[in-house]
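What follows is chain A paired twice: with chain B in the first complex and chain C in the second.
The block that comes next holds the complex of A and B.
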C-alpha cells in the first residue's frame, strides 16, 4: 500500500459519532488503523442525501452528495472508503452522473469550480470491498490473534452492498464477507436470503410488511443454527435490532441472538478490545465462549 | 393531468428509458420483495405509463413501496433500473401535489429539514420527530428501545453542523 495518504474515509450520518451505527464506523476505523492503514476522515463532510433527497430535488441531491467528492479532491484523496452501502450508492451515482450529464457538470463547475476531469480519479469503495481487495486476506491472516471455535455466524449482506453499481462481487450471491470472516475461524451460515432487502426506510412507514420480511430473513439463519448474525450495513443492523426486539416479545428467546457488524467479529479476532469495538457486554458474553487464543507471535 | 406535467414526466431519463426499452417480461415483478403489497406490480406501472395512465401511476401505492433494493435492476434483461425509476416517479408525485403517501411525505419533509439546517441528519432525532408527527402512540412504544440504545451509548441527540454549506441555497 504505497499511497496511504490518498485514502479518505466517509462515515456518513449513520456511522458517524452521533449516528446509531457509530460502532460500525468506529470498529471499521480501528481495524484499518490496526492493520497499519492511514485513513483520514473527509473533513466537514455532509449527508449523502440517500434516496430521500432525490425525491425532493434531483439536481440538488447530486450537488449535495458531490460536495463530499469535491472536499476529497481538495485533499488529493483518490480512494474513499465508505461503511454504509447507501452512501456508497449516492457517491458512486453522483460520480457517474457527472460523467454523463453535461448540464450537471456545468452546475458543478459553477458551484464548486470542479468538473468531471477533476473528479475522474476518485474511486468510491465499500469497506468490504476495500478490506478484501485492497488490504487483502494475507494481511489479515498475519494479524489474527484470536480464532473463534464453533461460532456459527449468519452472514447477512442486505441488498445495496452489491447492487446496483458495485462490481466486486456477485449482486445476488456474494461471498466476500464469508471470505473475510474465514480468517477468524467462525463457521459461516449461508442463507438463500442473504441479499434480500431488509425493507430499509420502509420500516418507518410500513412496519407491518417489513417485519414479516425480516422475520423470514432471521428464520433462515436461526433455523440453520446461527448463534449471531453479522451485517455490513447500518440500516440492516438497525432494522434487525428493531425487529428482534419486537419478535422477542412475541416468541421469547428464539430471536435473542447478537446482531453484530462484521467489523466487530473481525476486530475481536485481530485482538482488539470489545469495548473499543462497541460490542456490548451481553453480546460479548454470548460469543466469547467461542473464542480460543491461538499462539501469539 | 396537464400536458406540461406529462411532458416533464416523460422527459425524465429513468422514466423515459423504462418506457422505451421495457419488454414487459415481468422479471422485475417476480423479483420484487414488496410486489405483493403493491397495488400494481412494477412491470404493470411501466405499461400503465405507456398507456397514458399518469394519474393512476402517481396515485399508486407502488411508487412509495419500493425499497430501492435494486434486485429488479440487476436482473432486468433490458438493463432498466426500476429503483431509480420509482424515485423519479415519487418526485413527480410530490411536485404535482399528489399527497396520498402521507407518512412517506412526512418522513421526507423531516429529513429535508435536517439537511437544510445542519447538512447532516441524526437518525435518532429523525425517528423521534417523525414518530411524533405521525404516530405518537408508536413513539411511546419505542421508549424501551430508546432506553436500550441509551444504555449502549448510542442515543445521541446531537447533530453536528456542517461548515461552509451553501449547496442547499443553490438554485437548480
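The block that comes next holds the complex of A and C.
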C-alpha cells in the first residue's frame, strides 16, 4: 500500500475539536487509527479560507490556505487527508494555482520561502478518496466486526465531493461511498438527489428556500425506505440535521431519522464504541437494532 | 553546355505586384549566374503568359525554367505542361512561391521584395542540379472492393457492377442492409425503410458482377493504387451456404435464446438465426458463443432437423485472397453510448430508450410487432424526446450528428400516429432541418401537436412507480421546470465505428480529429482520400442521412470508375530510390515508411522502393544510416537542397557581417 509516516491530517475549522462537525473529525481519526494508519494532525494549522475569502482578496486567500501546505511540507508530509470537502477544494485549488501562476509562486517564495518545486509533491485527498483508494476495501473488510443487517442507508454526497475536481469518481453519479459502505453490510439507497446542493450557507439568509431543497432530498431517500442518511460533508450534515428538526415539527415524524457521518457507520462496523464516534444514544438505538455480530474467523 | 535559365515573375494581378516590387526583383535576378532571360507578366498562368515561357525555351535554348508565382499546389502542373509542350522535361522547371510566402504574409514592400529575391536566388542555385524524370505507368486491376453492406455500400456496389466491372462486397455481419434495415420509416417522406431497401439488397444478391462476402472481414491489405491484394477472412457460419435453403426449421427447433442484436436486445433470437426476416443472403448462421453444441457438446437438434443437410459443425474460417484496383470504404457508424451521461440514467432507468431502440419498437418486424409499448407492457401517454445526446456537447462530441433532429421528429410523428392521445415533448437546442422537405416536416410535426421546448434536459429522475421526472430549462420562458413522463427517448448522436482506426491503418488513409475518415479535400474531393485508390462513402466520413449517403456512394463509385476506366495509372516520379548494390539490408527504411513502399528483398539482402506506393515523403531517405550513398529522393537530393540553402544564405552573408560589426 506504500503507507508511511508522511500522512498529514487537516481537520479544518468545522471538524476540529471545537467545530460543529467535531464528531466527523473524531470518527475519521478513530477509524484511521483503528486501521493501523498513523496520521498526524498538521501542527498549528489555520483556516482554509473556504470559498468566501477568495472572493474578497484572492491572493491573500491563497496565501492563507497555502500556509497549511507549507507547514505540511516542513514536516515532510506527502499526503494530506481532509474530511471537509470545502477545505479539500481550497487546498487543492491553492496547490493547482501555485503550479500555474508565476506571480503567486513568487509571493509564496517571498512570504514562506517555499515555491512550487517544494510543494509539488503534496497530494490533498478527501477522506472518502483516501479510505477507498489508499486504505482499500480489503483492509476494511479484514477489520469489520459488526455487520448491519438490512439497515437501509441513504447515501448523500452533496455537491462538493466530486466537484469541481472529479479526480476519483464520476462527478454526477459517484459510487465511492456505496463501495465503502458495502463492507458494513448496509443496504444503500440510491437517489438521483445524491449530488444535489444542500443549500449550503443559504440556510443563514433564506431558510425557507433551503427547507424546500432539503425536503426534496430527504423525501427522495425516505420514500425509498431509508432508515438513516449518511453524509461526508460537515455543512450537508448540519443543514440536514437542522432541517430535519424543522420538518419533523412542521409535517411528520417520518423525517425523524438519524443523520450520520459515513465514518460513524464505518466505525461502528469496525467495532468502535458509539461514544468514541460521537453517535448519540438516540441515534445509536435506532440503528443498533440492525447490527449483527460477525463471527471472526 | 552551361545551364541556361529563364526566370518568370508573375504579378498575379495585384496579389503579388502590390507588395513585391517585381521590377526590382527582375533587376536583381538578371545578374545571377546562368540566368539568360528574366520576364515579369500580370498573369503568368494565362495563355499569353505560358506562351512567353514556351517561346523562350525554344528561342534561348533554355535548360531550366523558374516560375516565381503562387503555390505549386495551385499551378505547378500548368507550368510543367507548358515546359513539356515546348520540349523541356517538366521536372527541370522549379516554382517559387512569392505569393503565399511573400506578398500575402506582410504589407512591408521592402521585406517582401527582399524575400522574393532570396527565394528566387535559391531556385537559381538549385535548378541546375535537376534531373529529367519520367512519369511511371502502372496497370490497373479491373475490379473494386467495397467494405460495408449498408445503403452506401449497396449503392456503390450496384453502380460499379452495372457499369460492367467486378465488385467484391464485404460485410462483417451475416446480412447486408446495415443501419437502414433497422429503421421503421425514413424522414421526411415517411417511406417504409425496408420497402425501399430490400429490393436493392435482392439486386445485390442477384447481380452477376457482384461477389457478396457476408460474415467476412478484411484481414490484410497490401499493394498500391490500381493493384491491391486483400486478404479476407470468411467466418464460419457452421451452415453450408450452398445447401441452406433458408427454411428456418433449424431456428424453430433450436432451444437456446440469445438477446437479439438487430433488435438491440429488446427481444430474443435463437442461437441459429438470420438477423431479420428480409436478410440477404437468406442463409442461417450458428452463433458459436451460445450454441449448446459448442458450449456443452450436446444438442445438434438443428443438424437433425435440417432438410437439406446444410449444418456443418466442422466448418473452419476461410481465407480468401483477392486482387482489386480500387477500394470504397462504406463502413457506417456506431450509436453514441448514452449510459456515460449519468444524469440521464440510460441503462439504469428502464423507461429511458435510445432513438434506435424506439425505431425497433415501432417496426412491424420488431420485438412488439410495431406496438408502441414500454418494457413493462404499458402504452406511454407522455413522452419526452431529448435532442443532442452526445452531440454538440464539449464533454462528449462537439460536432452535430445531423440526423437526430429529423429522426427525433419522425419518431414523434409515428408515436403520435399510433398513440393519438399522447403528449409528446421535444427538448431541443436548435432544430436543424436543412434539407429538401425537412423544414416542412418540422412544421407538420408542430401542427400535429408535438410540444417543442427549447432547452436542454439537465437530468432525469426515476420515481418508485417507474415514471420519470424530467428537469429542464425552458430557455424561451426563462424558467427551470420538471415534468413527469412515462417514457424518455434519447436522440443519441452518431460516432465512428469502434474499428475505424484499424481500417485507417490497413488502408493508409487519415481520420479527422473526431475519428471519422478524412476526405482528401472537404469541398473539392469529398469522397477521395490521401490514398489514390481508396474512396469513402456514407457516414464513415461523418454524420449523414440516407439521401446524402446514397449521393456520396454514387460519387465514390464514379471516382472509382474514373480509375478503372483507364488501363494504366500515372505515378509521380518524385519518389525515393535505392542503390541496391550498396544497401546493407538494415531495413530501417522499411520500419519508418508510412506507406509500406520500402520492401525488403531477402535474396539480395537489400530493400527496394515500390514505385507505385511511394508518396515521396522522404522519411526513408532521411532515416537511411548510409545516407545519400544508398538512398536518394528524386527532386529533393542532398545536392539540390544544399544548393538551395546556399542560394539563400550566400547573399545574406555580408549583411550579417555588417550587423555584427555595428553592434560589436
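By our rule, the second predicted complex is superposed on the first by the 291 of 297 C-alpha atoms of A that agree within 3 Å, B and C clash if a C-alpha of one lies under 4 Å from a C-alpha of the other, contacts with A are read in each partner's own complex, and residues count from 1 in each chain.
By our rule, contacts are C-beta pairs under 8 Å (C-beta built on N, C-alpha and C of every residue); 3 or more make two chains touch, one makes a residue touch a chain.
A quick note: this is a predicted structure, and the numbers were derived from the prediction, not measured.
Within the superposed three-chain model, A:192 lies in touch with chain C and out of touch with chain B [touch as defined at top]. Once the two complexes are laid over each other on the shared chain, residue contacts for A:242 go to chain B alone; chain C is not touched. After overlaying the two complexes on the shared chain, residue contacts for A:57 are found with chain B alone; chain C is out of touch.
When both complexes are overlaid on chain A, the residue A:159 reaches chain B alone and has no touch with chain C.
Within the superposed three-chain model, A:49 lies in touch with chain B and out of touch with chain C [touch as defined at top].
By the touch criterion stated above, A:111 is placed in contact with chain B alone, chain C being left untouched. When the two structures are aligned on the shared chain, A:13 is found in touch with chain B, with no touch to chain C.
Between chain B and chain C, the partner in contact with more residues of chain A is B.
In the superposition on chain A, contact of A:172 is made with both chain B and chain C.
In the superposed pair of complexes, A:206 makes contact with chain B only, with no contact to chain C. The intersection of chain A residues touching chain B with those touching chain C, taken from the two complexes, comprises 172. Chain contact summary for the complex, chain B toward chain A: residues 33-34, 37, 64-65, 67-71, 73-74, 81, 83, 87-88, 90-91, 94, 101, 103-104, 107-108, 111-112, 114-115, 119-124, 127, 130, 144-145, 148-149, 152-154, 156, 158-160, 162-168, 170, 172.
Per the touch definition, chain A reaches chain B in the complex via residues 13-14, 16-20, 22-23, 44-47, 49, 51-60, 63-64, 67, 107, 111, 159-160, 163-164, 171-172, 195-197, 199-202, 204-206, 209, 213, 238, 242, 245, 278, 280. Within the complex formed with chain C, the chain A residues making contact are 170, 172-173, 192-193, 220, 223-224.
In the complex of the two chains, the chain C residues touching chain A come out as 342-343, 345, 459-462, 464.
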